[in-house]
């Protein structure tokens, strides 16, 4: 999956990605491997290694920040799925993810919160480890 | 400031507003008292009493959710100022607010994060209790 | 559908929802009943009882406001469907809904107007009462 | 102000602009006369002559559509000012403009509604004909 | 497809549309022919004849502007598909379209760029003339 | 201005920044040096070194992509100013920048294009080298 085995920043990003969400992360890298391989590389090196790996906020807090930003921007699809799965994978309960979206209501409005919640619902129904 | 002293929901919202950010909250209520008094009322009753007062997430976590949502939406002005002040008032350090915006970079992009950070910087320079 | 039969605000919202769009409204409440029951409750109590039930603007005018806001924000999916159905249910003709979107062209641009119009078209084709 | 006196579409747009808001309209045309004269021309010919002059919805209803679209998009500045002034000029009362913004709350959220309302307040304070 | 054969602006727009993307353009006109025929007309006359036909920037440069604007706004669906197809039709290579989206990363963030790239990938897989 | 003299990626970004827009770039780094030094670092290393320095598109084309993305997102303030100045600095004429914004009209709508054009106008009036 990685063609830059000797770059420490790349390795750090890849390790974090594989630790918190190998399925969605790997799918994204594979998806763009032919058409835009650098998109996956920047995701690994910037989004994961440079930003996500910072430990000023706790891992749980970083999840809330990401979920709130995505919900407020009206982002659905693969990026929202990957972040909901990441949050579940590191132990954030479904009820706290739902609450993050509820807390966005006064800022982002109902339509965007409903869109986010529909995706959370779809993921919870797919994953046998959540109820 | 309140014309609904006997409504418990209104009172709960007003108390929370006065506890975490009386200056910005009061200014907002006063500002629209003549032109749209219900806007301030809904802010107190929905944003504060219905949503913000929920304790599923910790108060600190709710601040991160709000700050991330506002930064990601490109919201500046009075609403962003009020939320940065609220976070500082309840003890979130400047460095954690700045980090919340940094964590939004891969999602919301540099321009919106820069806008949010400019407002944080302006507030920190105004408040003698922060350094 | 309601677990708060004695709350007058909840009842007022539920009655308005059932009057103008029982199908979409009920589906939304059911959809989140397990994962985030308060989202449906806030929709009923804030969006319907607090805001939508206000009669400063006529019901027809409120429909135009809602449809324009959703189209301009690029909101599709269930929230747009519910608002198009509500407008049709209270007697706004298809041509006036289409015109609302057309009037948004100089502000929101073609892509968002096209997205809104596609959804209007899909609904009109589904509903036997419209032509 | 117009360099296309013989184009009937241009004339129709210019007449409508001068009828509902000559001050803001003229300012916009003058502002970009040197740097991008076609921007003012397209505003006159597309926004005014092609779209705004359509009479499927009443003039009052068209104002609500425009104000809602702008508030929902978070648009402030000159375009929002021009639309608030237009609405006041054609007889929409301040309270109905404020209500339009209030009706956007569940969709666009508090920050964008507050931004719109601040601009309405500033305009009302400037105009001696409104109270 | 056109009911305004004698309007030169309409003809100019239609010719340009048919030159760069007859398939998507025709589909859009047909789609709204019954419900909102003027939407297709404005697309032809404003988007194509007034704006797109201007030759201040080269055709290739205009493609980059359009693709960047759409990606940054989070626009997918038919409008993005039509613009990607137009770019391919006039000879912009897949790698330059992908690069346009990559260049948007620091401004629009990963989620919107990923959404745009997914659509590019889907189109490339459908078109036998691209690899 | 740089505390990472030995990092080649940082150096590459800094050189590019200084080459195309030392004034705005330096101001941004200084502005956040105390409150969030990593924001300036990521701007240099990701926005400039990783993305902007790529030469798949010509420098002139990359300017159009950036200006279109910012205009379409409604971004004003320091980020838009820096990008307009960069474009002027590398020889893009004022008329081509204005045209980039005009080309965004059908996608992003008049209000966002007007906001961008106002900023272009303000910069042109400030700079003695442009007319």
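As written, the chains take the letters A, B, C, D, E and F, and residue 1 is the first residue of each chain.
Note that in this section a contact is a pair of C-beta atoms (placed from the backbone, for glycine too) under 8 Å apart; a residue touches a chain by one contact, two chains touch by 3 or more.
All values derive from a computational prediction rather than experimental measurement.
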- How would you label the chain A and chain B contact, same or different, if same means the shared numbers make up over half of all numbers there? same
- Item | Inter-copy rotation, chain C to chain D, in degrees (Cα atoms; steps of 5) | 180
- If you take the mean of the Cα atoms for each chain, which one ends up farthest from chain C? F
- Message: Centroid of chain D to centroid of chain E, CA atoms only: how many Å?
- Response: 28
- Query: Which whole number of Å gives the spacing of the CA centres of chain B and chain D?
  - Reply: 30
- Compute the distance, rounded to whole Å, between the mean C-alpha positions of chain A and chain D. 40
- Item | Shared interface positions of chain F, touching two or more other chains | 42-43, 46-47, 51, 70, 73-75, 79, 102, 105-111
- Message: For the complex, give me every residue of chain E touching chain F.
- Response: 43, 46-47, 51-52, 54, 56-57, 60-62, 64-73, 75, 79, 95-96, 99-100, 102-108
- Item | chain C partner contacts - residues on chain B that touch it in the complex | 42, 45-46, 50-51
- Message: Give the list of chain F residues in touch with chain B in this complex.
- Response: 28, 31-32, 35-36, 38-39, 42-43, 47, 70, 73-75, 77-80
- Task: Write out the stretch or stretches of chain C touching chain F in their complex.
- Result: 105-111
- Along chain E, where are the residues that touch chain A in the complex? 74, 94, 98, 101-102, 105, 109-115, 117-118, 120-121, 124
